[in-house]
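Consider the two complexes below, in which chain A is the common component and chain B and chain C are the respective partners.
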Partner chain A sequence: MTRRINLPGIAVVVILIALWQLVVDTKVIDFNYVSPPSQIADRIVDLARDGELSDNLWHTVSVALQAWVIAVGLGVIVGLLLAYSAAARTFTMASVDALRTVPVVALVPVALLVWGPSAKSEIVVAAYAALWPIVINTMGGLRSVNPRLHDVARTLRLSRVATARKIALPAAAPEILVGARLALGTSLVVTIVAEMVGNPAGLGYALIEQQQALNPAAMWAYVIVIGIVGVALNYAIVGIGRLLVPGSARRLGDAGA
Partner chain B sequence: MSAAAPASPVPARRRPARRLGRRLAPVLGLLPLVVGLACWELFGDKGSPTFPPPSTWWDALRILNDDGTLMPAIGETLKTFAVALAVATAIGVALGIAIGMSRIVDRALGPLLEFFRIMPPPAIIPVAVLVIGTNLQMKVLVVVLACVWPILLNTTSAVRAIPPVRIAMARSLRLSNPALLRKVIVPSTLPGSVLGLRVATPLCFIVTLVVEMLASSGGVGQLILLNQRNFNAQAVFGLLVVIALLGLALSLLIAATESRALRRWPVRGS
Partner chain C sequence: MSETATTRPAPGPPEQRPGGAVFKLDRVHVSLPTQAGDREILHDISFEVAAGEIVAIVGRSGTGKTTLLRILGGLLPPSDGSVLLRGRPLTGPSELVAMVFQDYAQALLPWRSVGSNVALGLEGRLAKEQRRERVAEALEMVGLDQRAADHPWRLSGGMQQRVQIARALALRPEVLLMDEPFGALDAMTKASLQDQLLDVHARTGATIVLITHDLEEAIYLADRVFVIAGSPGELQAPVTTALPRPRDQLTTRELPEYLQLRHSLVTALATTR
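Let's turn to the complex of A and B:
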């Protein structure tokens, strides 16, 4: 992450797009369903103009964010509980591990069965999926807080709640942020899967709809938009994290996939 | 956690009890899950269209097994998983070493890889279905695009962490480039690659299921979705358990492979 403009990187992207356009235009490779970039760009503009894009975009982003907010709230509370109560750990940790390993996408059909094709199903599954990185990172962060900070809290005669709020949570904040970033990505992916598989709304469904209508340019347009949404949300949370917890940026950037 | 902590460490008498507690921890930890399922079984309504109790799941699975859909589906899923993970490992390690060794490659591919890494993998599925068709290559392509990143990133950072002295030593021994790669770089990065493989394993399994659901291309993913569309709740819950157990088994298998692979080059330090 250098401040300099990454010329070779931009060059590769531009060359690839140009090559794509050229190959399709000259019909060197004749895939029926590969639209040239110019057509995809036109279609994105069309979709944006008639409002279809913004409706779908709003639906998906709002669902993903709602699920994420629920997951962050619940995850930090559960993480606090598991970090500070040995009894809670003993009696639930193995269950948490068992539930955590269930592949989340397998829960999409279950949610559709129970709540039907609705935004609620999407939010429930996405929040469930996003919960675990936050629980695990909150717990890990809290448990690795320097013990001296707890001595400080005791010296200052802080109550348990005050200790958590003033000392432990701020000290664990960088780690919680990493969890929150992973959770946001997960939340978006699961929301889109739920839309593609079940709930007919949002970007995921629009994508499937265009595919089934054999409308490749619009389909590619939605793929690009979904990619941009992913990148934008990722940068947004890294930026917010940088503002809220200065110094965490490096670790946030290094957190990887 | 009492306020008046004793001056001495844990009294000797309490130690055996603690050790027992630690050994029992996994069992105790599963208690909420077991109790929950037991209550579900006891108080659940067998005819419930949404929450059938656990005993009905088994029957539903037996029906699926008897009509010969369950086992081929599991086989199909495992095949896709295995091929995709192997391809992802090969590409991830090769590209990871290239990016780690060369600043130019890193900067040139950076933005492109960043976009694909953050891009939600399911979005690629409709495109892949239209362009490639519903076959193994399509499934493998999508799954690899989703799960290659942990392997690639961990390999890259492992390459960067190789002490320069080690490369310098290889140079002064006049190792050729292939020998350098084989004798120094690959062994040095193996722990990193293996760590990436462990992260990639559950991801690979999940995306395999997503592809099967969205591309109607056989496998357990498609099976669970079909049963959901037929409102066959017992089968959906039964298959959920099958999927969970499969995921667990694959993770354990990869962990076992990992400890075998690392026996030759044990991780020191970190």
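Let's turn to the complex of A and C:
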């Protein structure tokens, strides 16, 4: 689908950045650690030039994506199981509800203790956190498939596997996609938190490092980069979703705008 | 339309089909669980459907018409009594039977093209080449051979219902079960689809059981019309239409016999609840 560029929306962002620059330059806001956008931009260019930025960026993005892929694969399977097996629901829904409401940040120190300060720790916690939105949305999407489609599958005598693959999963695809989008955001956040408190690598650690070294401009540079990564990943998944599930654009709403 | 029908090559012509009873229902009862305990939906239903016959079942809403069709389709087991299909007890959806639902928009897969919707029941059962032939043949029968690549939502309601009929025909079923197939369509579309159905019937010799709340449609299409009435629903003695075929929207509906049937069935329905 073609999307017109949202000029008024971009204008607001530009005006806000200009305003930020103005209030810092004119000392209306005079904190030592609020750097003006011009300095932050310079610092982003410096960090990019010496390669530090791209190393950290690559580490964080690859960890977040690996965790997300694991979560999507596992989440769809668990969602299918919970949607179609009453026994699985009876025995596990209480655990699922309990586990998914545990604040995942509390598990970061646990993972660090078990797997040490490594990318593996980050992936495990991020995948764990990203799993739940996929499980819940897959299950919900499958269970709300119009019963008429199940009648159709039965009268055409499709096998259970064929029914899931050809009817139920495509019908639930928009909901699964919403879950996948939420999961990607969660995966990125948890990855960065894990880097801040545990594994000394990636954007999260770099941000803390610059903060503790009292380099506000570099710290802000990482804050901006992390923000851009979040927006870019969201755009990417909404775009992929539009390609894979043409009807999903409406249901995903303005997610990418 | 029906005049040319007999000259075309017919897939599974009537004379190749075994005769005799297709369905035989004996003292079928259906009760479904509700919050207030079991509720009887159908009471003591016994009837037979002969091969190649068109049977219409009419009745007010809430008399269990759809439940009866689901029994015939193997989607719902009866609580009591026996259902035989070609002499064998029906235990689930049969390969001899295809079903067409009223809500075509819900029954078609919006992410599949028209052709691939029609192919759905053939996948994994026929080789690709045969599948393509069957789909083309089915779409040709409902006059949609030019729209195979379109998605259902690009078609009108009447065309979407024809896609669903084509999907059923692609299976080359012996029996076509239709639940108020033209109920959601406007009068003109309805009339042309009725004629198309009669054309399909003449070409394939399929047995058709259809449910409708439109009495005139029932008389126009069917060989026999059953009235189902009451709650739980009970089947009244059938009315044999015996109108000449091929039928015509104008002349058939002007026959004195047609008007007579209409009169007696309207009266019969009016006295039921």
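The rule we apply is simple: the second predicted complex is superposed on the first by the 242 of 257 C-alpha atoms of A that agree within 3 Å, B and C clash if a C-alpha of one lies under 4 Å from a C-alpha of the other, contacts with A are read in each partner's own complex, and residues count from 1 in each chain.
To be clear about the criterion, a residue touches a chain if its C-beta (ideal position, glycine included) is under 8 Å from a C-beta of that chain, and two chains touch if they have at least 3 such contacts.
Everything numeric here is computed off the predicted structure, so don't read it as measured data.
Engineer: With the two complexes superposed on chain A, say which partner A:146 touches: chain B (first), chain C (second), both, or neither.
Structural biologist: In the superposed model, A:146 contacts chain C only, not chain B.
Engineer: Is A:8 contacted by the first partner chain B, the second partner chain C, both or neither?
Structural biologist: first
Engineer: So, A:33: does it touch chain B (first), chain C (second), both, or neither?
Structural biologist: first
Engineer: Have a look at where A:166 lands relative to chain B and chain C in the superposition and call it first, second, both or neither.
Structural biologist: After superposing on A, A:166 lies in contact with chain C but is clear of chain B.
Engineer: Is A:157 contacted by the first partner chain B, the second partner chain C, both or neither?
Structural biologist: second
Engineer: Touch check for A:113: first (chain B), second (chain C), both, or neither?
Structural biologist: It touches chain B, and chain C stays clear.
Engineer: If I apply the document's touch criterion, which positions on chain A are contacted by chain B in one structure and by chain C in the other?
Structural biologist: On chain A, no residue contacts both chain B in one structure and chain C in the other.
Engineer: List the residues on chain A that touch chain C in their complex, please.
Structural biologist: 146, 148-149, 151-152, 154-158, 162, 166-167, 170-171, 173, 245-247
Engineer: Which of the residues in chain A come into contact with chain B in the complex?
Structural biologist: On the chain A side, the touching residues are 6-13, 16, 31, 33-34, 89-99, 101-110, 112-114, 185, 188-189, 192-193, 196-197, 204, 207-208, 210-211, 214, 216, 219-220, 222-223, 226-227, 230-231, 234, 256-257.
Engineer: Okay, in this complex, where on chain C does chain A touch?
Structural biologist: Residues 73-75, 92-93, 95, 97-99, 101, 103, 106-107, 109-111, 120-121, 123-124, 167, 171.
Engineer: Looking at the complex, which residues from chain B come into contact with chain A?
Structural biologist: Answer in residue numbers: 21, 25-33, 50-51, 104, 107-112, 114-115, 117-127, 129-131, 149-150, 153-154, 199, 202-203, 205-206, 209-210, 213-214, 221, 224-225, 227-228, 231, 233, 236-237, 239-240, 243-244, 247-248, 251.
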